[in-house]
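There are structures below to look over.
Note that subunit A is present in both complexes that follow, paired respectively with subunit B and with subunit C.
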Partner chain A sequence: MEKTEDRAKEMQKGMLANYYDALTQAEERRTPVAYLFIPGNVVEVTSALGFLPVYPEINALQCGIKKVAGDLILAAEDIGYSSDVCGYVKNDIGLMLKDRRHPLARIPKPDLLVCNYSGCNTFIKWFEALAQFYGAEVYLLDIPYVRGGGVSPSDVDYVVAQLRELAEVCARIRGVPFEEAALERIVAQSRAAEDLWAQTLDLATRRPTPFDAYFEAVFYMAPINILRGTPECVEYYRALLGEMQRRAEAGLGPVPEERFRVVFEGPPPWPHFRAFWELFKKWGVAAVSSTYSKVGGLYDQGIRHDPARPWESIAEYAINCYTNWNWGMRSDLIRKYVEHFEADALVIHSVKSCRSFSVGQADLREEFIHERGIPTLMVESDLADPRYFQEAQLRNRIDAFFESLEHKRMVTA
Partner chain B sequence: MLATPEGLYSSAEATLEDLGLSAVAAWKARTGGKAVGHFPVYAPAELLHAYGVLPVSLFGGWGKVEIDHADSRLQSFVCSITRSTLELGLTGRLGGLDGMVFSNICDVARNLSGIWARNFPSMMMEYLHLPQNIESPSAREHMIHELERLSASLSRLTGRALDEARLGESIALYNRGRAALERLAALRLAEPWRLPALEWYLLLRLGAVLPKEEHLDALAAAERLAAASDRRPRDGIRLALVGAFCEQPPLELLRVVDEAGCFVLEDDLALGQRWYASPVREDGDPLTRLAEAYLTASRPSSVRHHGRQPRQQQLLERVRALHLDGVLFATAKFCEPALYDYVLYKEVLEAADIPYLHLEYEEKMSTFEQARTTVETFVESIMFE
Partner chain C sequence: MDVGSTATKAVLLDMDGGVSATAISATGANVIAAAGRVFSEACKGAGVEDHEVSYVIGTGYGRYKVPFGHAQVTEISCHAKGAASVFPGTKTIVDIGGQDTKAIKVGPGGEVVDFCMNDKCAAGTGRFLEAAAAVLDLKLSEIGDVSLRSTNPLKITNVCTVFVESEIISHLARGEKVEDILRGVHNAIAGRSVALLRRVGIDAEVTFTGGVSRNLGMVRALEDRLALKVNVSEMSQYVGALGAAMFALERVKHGAPLPTAVRAVADAHGGH
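So, the complex of A and B:
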């Protein structure tokens, strides 16, 4: 049976509208603005001093969904950006060139660029460009990659030392002292939302899964990515958990009949999101877990902010962002998802824009098919650039894959 | 071999084409030592040397490797050097290496470390997270930890403990190598016709595979040969070549630049060979000195964040200080660090009214006529300005 209740999505619309209104009004109200990246961000530190967060990745993905990304990307290419670099970056540069007029807001200029270098080198290039174009200050928060030996105490110390420097930078810009109590309060709110979101994600173990853990989860994750640390965010996840529990109890799911349970790896193609989803829906595919819904935090793996040790927990959170894990860890996590959520297959959506996500996925496919014996489909397009979405080609690949899974199922039945 | 320019440079070219690393195998057979490869751009070669390990800087397949096996493990939008290096590994041609060192020069290189670890489990593999926040006081401690971790791996590989005195000697040796390159660079600035870009480049590349002691001999020979050269003084367009710090341009492209009448007087070719702008200090704890040098003496490059001294400003200052006529951007296809930086560099150059040209290359590039025409037109536009 298909789900009917969709209250959380309505609630989310209102919250995001308020957020984008705040962005539009920021310059007039002289609200200080900090730009941050989603993976491993340290918004708790900037929020403790009243900075309004701006997430250029979110702005870019919204442009993708609203189908204006193509023109913005071309505007950036006109000033010299290569067709071979990240579409999110070009979307954001295009926005800047077009007077920051975003479909949902007038994006304010940055007072501070907090480059949380966690899992993506392009982040550095992105904010270096914004620093040059806006003349804004950058703080580069260097977050060590999780190497083979795991996270060492010295890695955490290194990040904590920088977080304290960042707090000083924020305090200097604001002209007010940094207050630990404010940080602890915000961290506690982050924690509360994380607990609720992690519980929600685990409901996908049910049959049928009450929600699509890729195509729907990437929307449900928006508040924790954009509004983490606020009371509204906690309320949202409380409501979402309730709604999903009710769906689970009623046996409702994202597709009329759940025929295939899959794990998704990689970001979705935002400019063609619906069309891409439909290619799977017609096969009765429901995602039961995905890596992209964890880019804002591996909460399901026990990674949590902690008001009792705010600085260390922020550092650990930032280090343990999905794309900051080495490939051995990423591969083990995906295998764990396949087993825990009893998935039939892994689907990899490889995007050209994000090498941090993509490079290694083809090797992952080799490993999953030949060594782990897990049926794996890999398809390619892009998360931002509409030019890379070849629907007919994707349909052929997806149809062939699920036909073959279906055939195997019939033979073994 | 080192007595004539022909001997020196043709043997250097042959070394470049030794994709199966037979010279490394010969060195190992001769010395009984281990060899560790590293992906460009930076690796603490001094530390490897101190363990008696031969550091081998890998530069891909040089256009001579058919990509077959690597295609199943890397997408088509990945740069040539990554694909061909993996191909060389998967076809057993890097079997002479006992280990590999990767670092966070870009996302592709970083992720290649994971592919490497899975496909070559018996090889020592270390990944260095090089500090990007060089202005933070905590970066020094972090860099020391990274070097200590690599040191521990090398210790396991060689069965030796770190000998600090030997590390000090290795630092001094590599300082001598960099000083020799600096002398050649100064000679080129004064009389560029004596050492064209292609020959300068071959000397840099020799340092990628030769033991440093032998590289020093080659550099000394090059210095003698350049000083004694009877090449006639001539005029040329004075250029910086920027963007080729990791994957290297085909030799033919450098030949095109030389033949078009350019003097490349500033470049980031095989940057790892000249990583530091000033010598690594030879007093105090050598490992700490190496860590400090990375933070304070590294040359500007697209693989590092430079805090309050952006690279584009440093390039502009350099162009002015050396009285260069323009900048030639030579970037490898799909090389994100170079492609992003190109935009920022060009904005600064345009504001300063400095001419520039952008060329893109890849390993499978086989015709250079279009590049020749483009470079020649660029040269003419500067000459007749």
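So, the complex of A and C:
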């Protein structure tokens, strides 16, 4: 394969290095720190008052990639966390026990924990534990679950009222007044990056897709998840869109020959990311869409921030996060992806840690195979705990699945 | 060559697709040696020299450990192909091996329509029966027949291969009969296997393959649970190897019926 342009990845490295430097220096510089979760977060509100965001889920996944998650998880189990508790939670508790020494930074202590628990009730227990360990304040947002049939105006008003209260909490901690103009400026930057990222994701309709919409998209999504609302983030997505457009024009893709187009559901196994990707690459599999690359926002579905109505759009964004949608909506979305991106199959990676992601996936498999007639493969490991990755068994299932797809093609050809 | 977790099997076909020899041996710790040994034995059985075999396909967990193999195909595809050849009416396969259980739905030509496997644990597999046989001090080959003498099957609630031992010991301590315990063990596996089969859909005919299919107690337990007759044959344990040999024969006869899949797997493993 021709050497592809990889400027965005280089740019991303620099941006993330700066971010982690800022985390390391936060305590010394007395920068106020807010801990937030990724799905449906309201970082625009905390950023408007100058809080530096810390995302424990991102810290955990980085530990997975850097192969230090196993030890951190064991440290949490040593103080009594069960093997059934989410690997991200235990990774984070382990970090705290090991003096917050993360492979990329010294993670600062929180001044405020903003628990937006959209779709994951473990989030509440996670931040309650951190609040106790650090003696920090928790602000718990109550986000109504979406059961289909749209989001009612009263649900939006309910969340907006909480956001305004959160702004007051942030202002009190900082000792400065809240400025509406600062919020609008940040929201406008969030929106600009979201527009560019949504355009990029849609390029996967091309044949071949210019990028892998799972294995590469989960890297490309990092800036919008970590630095949303900053001008650097907008610049990054402008560069990425250009790069992907050039790849598409040149007919370059993530695999030498695109033989199977698939949609992925579920988080990747971070501690074995490369090994997992290789199991698919060897079959010429390219992901054309994935749900995990949307956990930071369903921007492709028109859920975007709006500087003309900042509060309401933040509320709508928080409500409409992927894991806060009911299964019927998730399943319809996946079907839409299969059709829009002309995928051959659905691959479900179920993870032991995250029940909010995985519960219902066995039914999804049945529904896609038996009712929708879409070939579906379901495999299982974990997103954080390296102990649950069984390569021989995964390989067997993946080989058998693509072998049979190939056979079907041969028979019908 | 079907190199399974427990046993290594070989089936040698002549150019007309007739079985000229079969061979089997425990896989043991040296997987490569087991493959070589069983291959030579099959050749000897057919009265041919090793080098006269024109094409070898490896299947099973040890499929990449067949150094003389030309290609690898998963046992899921091989069992489907082999079972459809032995029992052409096969629509559903239950394959119970040493450490995994598979449910496979097959199409008219023996192609895989859907499949499901047990999770990452040996519950409900041959290993579960081995554990039960060991704690009762019986041979693996005896327990099926013993279970068929049961008049009052016990309910074995544990499906964990490790914990089932203590459950069996507690039943023994209460003075329960060995055959009733064993029937319970067989019923527990049948229950798990049928649950797996339901995930792909159960359509007659159901063909039972893998090493555990030699156990008549298990055949009966499955038939009772399914309320269906289950196909088994002398070849049941060799069905994976038979399917592999059929893929090999197709390749020899028609050029490359599985070209890209086989090449992809072979390329990824240094051409073996």
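What we mean here is this: the second predicted complex is superposed on the first by the 408 of 413 C-alpha atoms of A that agree within 3 Å, B and C clash if a C-alpha of one lies under 4 Å from a C-alpha of the other, contacts with A are read in each partner's own complex, and residues count from 1 in each chain.
The criterion applied here is as follows: a contact is a pair of C-beta atoms (placed from the backbone, for glycine too) under 8 Å apart; a residue touches a chain by one contact, two chains touch by 3 or more.
This is a predicted model, so every value here is computed, not measured.
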Subunit B and subunit C placed together on subunit A: clash or fit? fit
Just subunit B (first), just subunit C (second), both, or neither: which does A:Ala129 touch?
first
Of the two partner chains, subunit B (first) and subunit C (second), which one does A:Glu77 touch, if any: first, second, both, or neither?
neither
Q.
For A:Ser152 in the superposed arrangement: first (subunit B), second (subunit C), both or neither?
A. first
Exercise for review: Classify the contacts of A:Glu312 with the two partner chains as first (subunit B alone), second (subunit C alone), both, or neither.
Suggested key: neither
**Item:** Partner chain(s) touched by A:Glu380 [first = subunit B, second = subunit C, both, neither]
**Value:** both
- [ ] May I ask you to decide whether A:Ser350 touches subunit B, subunit C, both, or neither, giving the answer as first, second, both or neither?
- [x] first
Considering only touches as defined above, state whether A:Ile369 meets subunit B (first), subunit C (second), both or neither.
second
Chosen between subunit B and subunit C, the partner touching more subunit A residues is B
Using the touch definition from the top, say if A:Ala161 reaches subunit B (first), subunit C (second), both or neither. first
Inset, instruction - Would you sort A:Glu184 into first (subunit B), second (subunit C), both or neither based on which partner it touches? - result: neither
When the two complexes are superposed, subunit B comes to within a least CA distance of subunit C, in Å, of 5
Intersected contact list for subunit A, partners subunit B and subunit C 362, 366, 380
Per the touch rule, the subunit B residues reaching subunit A in their complex are 72-75, 77-78, 82, 104-108, 110-115, 117-119, 125-127, 129, 131-133, 136-139, 141-142, 145, 149, 305, 307, 310, 312, 333-334, 336-337, 339-344, 346-347
Residue positions on subunit C within touch of subunit A in the complex are 61, 73-77, 100, 109, 111-115, 117, 119-120, 199, 201, 257-258, 260-261, 264-265, 267-268
Note: in the complex, subunit A contacts subunit C through residues 259, 278, 282-284, 362, 366, 369-370, 380, 388, 390, 392-393, 396-397, 399-404, 406-408, 410-411
So, in the complex, the side of subunit A touching subunit B is made of residues 79-82, 84-86, 89, 115, 117, 120-122, 124-126, 128-129, 131-132, 140-142, 144-145, 147-149, 152, 154-155, 157-158, 161-162, 165, 326-328, 330-331, 350, 352, 355-356, 358-363, 366-367, 380
